[in-house]
Structure formats: structure tokens, C-alpha cells
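What follows are several structures.
In what comes next, subunit A is part of two complexes: it sits with subunit B in the first one and with subunit C in the second one.
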Partner chain A sequence: MEALNANEQREFQNIYERKQLKDFMTVYSRLIQNCFESCVNDFTSKTLASREQGCVMRCVDKHQKAAERVQLRFTEQNVALMQSGQIPGQ
Partner chain B sequence: MSFLPGFGRRQPSSAEKIANAEAEMDMIGEMMARLNQSCLKKCIQPDYHEGDLTKGESVCLDRCVGKFFEVQMKISEKMQGDAAMKQGM
Partner chain C sequence: MADKPPVPVESVTKDVRPTPQPKPTGNPVFRMMGMPNFRFKLPSRNWLIFLSITGSFTTAILYDRYHRKRAQQRWCNLVSHIAHESLPPSQMPRRITIFLSAPPGDSIRAAREHFHEYVKPVLAAAAMDWDVIEGRREGDVRAGLAEKIRKRRRKDGEEPLTGEETKPSEETEDLVQEWRVKAGVQDWEGVQGDLVLGRHTWKEYVRGLHEGWLGPLDPPLETAEPSAAKNEASPLTAEQQSSAGDDGSPTSDTLPTSDLLNATAGSAKPPPDIAETSTPTDHASPLTAEQQLSAGDDGSPISEMLQTSDSPTATADSAEPPIEPAQAEAQKVEKPKTPVQIPPYTSTSAYSSAPLAPTTPMVLPPTTILPLPHLLGFLNTPIRIYRFLNRRHLADETGREVAALVLASYIRPWDSRSEGTGDLPFPGDQNSTGDQRSEDGASQERWKPEGVLEGEERDWHKVAWKRYQGEPERVWRNSIVIEPRIRERMRRFDLPGAEEDQARKDDGRDPAAKGLWASVKQTMGWEEDGAVKGWEHGSVGAESE
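Our next item is the complex of A and B:
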């Protein structure tokens, strides 16, 4: 991949930030759906029971920890792969 | 390509270089999202008795990432091999 000059880097940075925001929104809505589906199954009331609230909080915690761990391992693998020179073009 | 500087190749325009960088970023982002979804689904019990990862879930996630990578490498190798064979015919 060709190195980007300062102007190009700035433009890329803008694109990158917009993507980050979009990615975050995707992760966020997926998290809501996931935790809703796992934790809320009783519709005899229109508000969350404390059991359901607790479940949602734990669900978010767990998903965040899992995502962090996966990200960490993914980065490790990528670094190892690049060092071994197996990705073409790197 | 840092070897063969400029050989038989014109300099890419700014727009092309940025598009390339963007494509690479998209690919990594897409892979990361899929990896996350797959391994979460395979490793996390959806009962949420606790907010911390259990030992078993953690180990499962580590192995899941490793295997996901391995699958990706294998498929990439196979597709390259298949393409090379086709060209050789």
C-alpha cells in the first residue's frame, strides 16, 4: 500500500471517523437487540422487572468484555501474521 | 509495492490511494464485526447470571479467534491455489 501524504491522511482521517461512528451505531443497536432478546421474555407488565434490568446490565458488561477480549486476540494474531510476512502487500 | 519502484506502473492518484486505504479499513472492520458476532454466539451463554466472562467463556473466545483466523488463512490459500490451477490450464 502506498504511503499517504499529509493531505491524503487528513481526508482518510475524516472518512475513518465517519465510519467509526457508523460502526459504533451498528454495535450499539445490535447490543440492544441481543440483550433484549436474551433478557426480556415476559410481557405481563409494560416495565422491566428488576430481574430483567439486572440481566440487561450483566448482558452489556459481558458483551463488552467479550468484545474487548476478541479485539485483543485479533490484534495479536494480526501482529504475528504481519511479522511472519504472510499478508500479501504488507 | 516498495520493490520495483515505478516499474511499469504509473503513480496512483490521491483518490485511488485513499480508496485503497478505505477498502483495507472496511475489510478489517467487516472481519472484526463477523469475528465478534460468531465467537460471541458460540462462546457466551445467553443467561447472563453474571457480568464477567467465566473462565470457560474466556478460553472459548481465545480459541475461537485462533480458529477463525486459521479458517480465513486456509480459505485464502485454497482460493489462491484454485486460481493458480485455473490459470495453468
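Our next item is the complex of A and C:
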């Protein structure tokens, strides 16, 4: 980072932000895709049936909680790695 | 033309009549298709013998397998509701500890496979999380459990008598635990529980429990018999590996090495662990003995080793002295392949005079002890075949005990009596000794922790009983000693009758599994609700739920 001049740094920042946004959008659209496919199966009416609505809620909730749990475990391992200076579990 | 032929015909027919047309035999359908003439009859005597023997054996296997799966599924169904309970993301699930160790005369794989086949399905059905303490040799589980307890005592604020500084641990597990406390991730606050597999592991477990709670926090400075600690690593592995018992050579190989080492280091008053850490494993060659001797003669490396390593956890690589590359290579060669075992801190005779650790909880974690039937030997083949064909009883018994552990609804002290496997070496053998079980005066013995699964000892390979020179403490051979102060704190899981009845009523079918007909209907799109045909989905039912 320090080796870059101001112009390059701006460009780097740009690329980095775009990549992050892309990652986020991938995760987000996959979540929508999954929940839509598994919950919405009635196309005779334009509104979501209450059954479908409940299913979507639960689906998103489940995804979020799973992601949170994985994130926690990942951070734990990261902290352990930082402090001990070696790859955990080896 | 009309009247001419009759004359020869008459004569011909007269000639032919004695040899009539052979009557067509066999199935006319096959005959018209030009197929050979099948006649249905019993096969020959030899075929009958062959088919009946193979057929009955196959049937016995299939019958056992069918009922084994049903029995296991029954217990899985009983506990599967636990898997559906939701858990907040900031809480850790219940984590049980599993104690596995290699059965006498065999490798740890036997115990692991048993665990995978009989225990794991039930644990997985209840979405349990677990830790495993494994033992490859006799004494490993004892050392592992004792070390775990000592670690817990230190964490609870006990100070070692020697006033040694308790430095913050660098292990990943501790770092993670520290972080969890900071981040507000809670541990499971209910009962956790231990699961012990087999009588040999149970003996080690009890010994380790006493060593942990009654023993000192710091390693003993002088050992009663230094030779015992010294040879801890080597001859035992040799015995374990030589299943037939031709163990003469490895022992005689290692003994001179350690004696030489002892002689060179004798003046420096060796702590007990030094000899152990630097003792090579069973493949000690004269060359390595030579190397160690020369290293001792220089003076510096050995004595440095003596000064630097003062904890029993010091393994060979941490105690490695600074040496030339050639010697370093030799050291690398002699590095023990298996990790060094921590020698016991107490002896069973010192229990009554030992003070109980002040941080001992009023109730120790409850245990479940599962049978691990393991019989070796060619001459035992009939018994082994019998057991192989009766594994459904084992699966049922194991499933019941594991379900009791998972439900954790009833935890009782040890001395009250209950139903159980008793002293049968194998759960299927009940009809042989089952009758005198209840009347027997000695049967009271088996409801005590000393007597649980006692019958398994009859199956043990002779290496469990064999004595050899300079052996370490033999946990398997010694009888179980339980101190009253520990006994009153020990608990075990039990299954209440209501839950057992519920499981027995279950037909042992997997509710998620559809029958063959249902899956065919789904694939072909014959279902009533007009769902998409299975073969249009791609994979059938994989992601629909």
C-alpha cells in the first residue's frame, strides 16, 4: 500500500470496493435464489401467501444465523492464529 | 392316383407302428421357441448342500442387518427431536467427551470402527458435538484425562505446591476459549457427560479420574521405580504390535540403551521424565544408543537437557540439546513416533492419604460405559461368527445407553442398581448366563463401578496380562480401586422406563426415508397432487426439504 502513489491508491481502493460489493451481491442473490426456490411455489396469485411468507422469513433467518455462527468460529480461529503464530489444529 | 397310394401306405404304416413318434416333452412354449428342454427337478445332492449352507448363512446375515438397523433407528428416532431445537448463534452446543482406546492386542482402529458403527449414528441423529480422548497404548486415556482435570484445576485457580509460575497457555484451545468469553459466546450450561467405550478404557478412566482429582498438580520429583517410567514408551508398544506375543527382542533391545543412559546421567540426579523423553521407541538400534552415550560423554548436552526440561510434558523435540547436524539427524531418527505418555502422578495405594483437590465439584460429569466386544484369535472363530450374526443385540444395547446419555434426563449415583449389560462379554450372549444373573450373590458386584462390563476381561488378548521386566503401571491388569470420596461424586446416565417404552413401541423406521414405491411414484410423477415428475427435477428430493 505504501509503495503506491496517490493515483494508484485511489485505483486500488476502487477495485477493492468493487470486489467487495460483488462478493456481497453474490451472497445476497444466492440467498434470495435459495429462499425463493424453496418457498415460493404458488403463482396463481400475485401476492405471497401467508405460508410462503412465513417460509421466507424462516429461510432468511436460518441463513443469517448460520452465517453468524460461521463468522464467529472463523474469528476465533483467526484470533488464535494471530496470537499463537501457527495454524491451529496442526 | 387316388387308389394307388393306399397299398404302400398300408405296408409302410404296418412297418412303422412298432416305433411310435416320441411324445413331445417339456413345456410347449419353450419348445416352440426352440429352447432346450427344461425339466424341473431338485439339484444334485452336492448342489443342495452348497446352496443350503450359503443360503442360510446369507439369510442370517441379512436378518441380523435388518434388525440391527431397525434397533438403531429406534433409538435415533427417540433422540432426534433434540436435533430440531434451535440454538442461538452465540451459544455453543452441548459437547460430550468420548474416551476411546485400542483394545488389548489390537490397534485403535477396532475401537474407532465400533464407535462409527454403533455410537455415532445415535449421536449424529441428536446433532451432538463431541471431543475425543484417544489412547493408542495402555495408559494413554489415563494420562489424557488426568491432564485434562489438572488443567481445569489450574484454571479454577489452584496453585501448584512448588510455587511454579502458571504462565498463560499458548494452546489454540485456550486462546479460543479466552476469546469466546470476551466475545460473549456462552458455553453449554447443562450437563455435558462422558462416554467410555469398553472395559479397558473404563479402567483407565477411573484411574485417570483419581489421578486428576487426588493427585498433585505438579509432577512428582522422584519416582518410586525409575525403571518403570523409563520404559513406559517402549516395551508396551512392542507388546501391542506383536499380537502373537513374540516380544523378546524389542525389550532386550531397549533395555541396554536406557541402562547406559542412566549410567551416564546418573550423577546428575535425573528427574523421572528425562529418561522417558530421550528413550527411543521399540526400534532402538545400537547406533542410537551409541549416539546417546557419546552425547552424554561430552557433558554438556545431556546435562543441559536435565536442566532445561523440568515439566513432564516436555517432548523429545523440546528437550533437544544444541548439537551438530550429524547428531541432529540421529536424534531425528530416534524421535519417538508415538507421543510420550505422561507417567502417573499418584499410585493407587496413596489414594486414602491424598487430599482431595479443593476445587473438586460435588458431582463429577456423569458417564456412560458402552460394551466393546472384541475377541481375537483363530480358535475363537465360532464365537466370533456367533457374535457377528447377533450384532443386533449389541446395536440395541449400545443405542439405549447412548440415548440415555443424549437425553440426560436421569442421572443417578453409582451404587443403586439398575438393568444393564452386566457382566456379559457380548450383549447377545444373554441366554447363556442370563438366568443366574439376578439370583447370583456376586451379581451385586456388577452394578458397582468396579464390576461394570467385567465379562469383557475374559475376551482380552493375553498381552493385557503378560508381565515383563521394567513395565510401567499396568492399568488394565490391575483391579479398579475407587476412593470413597470420588465414588460418591461419580454419576451415571440411565434411561427412565417411560422413554424406553416409547422407544420399544417405535417400529424403527426412518421417518424421512420413503419406501421404494413412494420414490417410484415421485420419479414417475404419479402422485395425486400432480407434482413435477422426479426425473424432471434432476436429483430426486435432494433439495426439496
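Note that the second predicted complex is superposed on the first by the 66 of 90 C-alpha atoms of A that agree within 3 Å, B and C clash if a C-alpha of one lies under 4 Å from a C-alpha of the other, contacts with A are read in each partner's own complex, and residues count from 1 in each chain.
Simple rule for what comes next: a contact is a pair of C-beta atoms (placed from the backbone, for glycine too) under 8 Å apart; a residue touches a chain by one contact, two chains touch by 3 or more.
Because the structure is a prediction, the values reported are computed rather than measured.
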| item | value |
| --- | --- |
| Partner chain(s) touched by A:59 [first = subunit B, second = subunit C, both, neither] | first |
| First, second, both or neither for A:39, with subunit B first and subunit C second | first |
| Partner chain in contact with A:19 - subunit B first, subunit C second, else both or neither | first |
| Superposition-derived comparison: subunit B or subunit C, residues of subunit A touched | B |
| First (subunit B), second (subunit C), both or neither touched by A:74 | first |
| Which superposed partner A:11 touches (first subunit B, second subunit C, both, neither) | first |
| Which superposed partner A:84 touches (first subunit B, second subunit C, both, neither) | second |
| Intersection of the subunit A residues that touch subunit B with those that touch subunit C | 38, 65, 69, 77, 89 |
| Contact footprint of subunit A on subunit C as seen in their complex | 88-90, 170-172, 175-176, 179-180, 183, 185, 543-544 |
| Footprint of subunit B on subunit A - complex, ascending | 1-2, 4-5, 7-8, 11-12, 15-16, 19, 23, 26-27, 30, 34-35, 38-39, 55, 57-63, 65-67, 69-71, 73-74, 77, 81, 86, 89 |
| Touching residues on subunit B, where the partner in the complex is subunit A | 1, 12, 14, 17-18, 20-22, 24-26, 29, 32-33, 35-37, 39-40, 43-44, 46-53, 57-58, 61-62, 64-66, 69, 73 |
| Footprint of subunit C on subunit A - complex, ascending | 38, 65, 68-69, 72, 75-77, 79-80, 83-84, 88-89 |
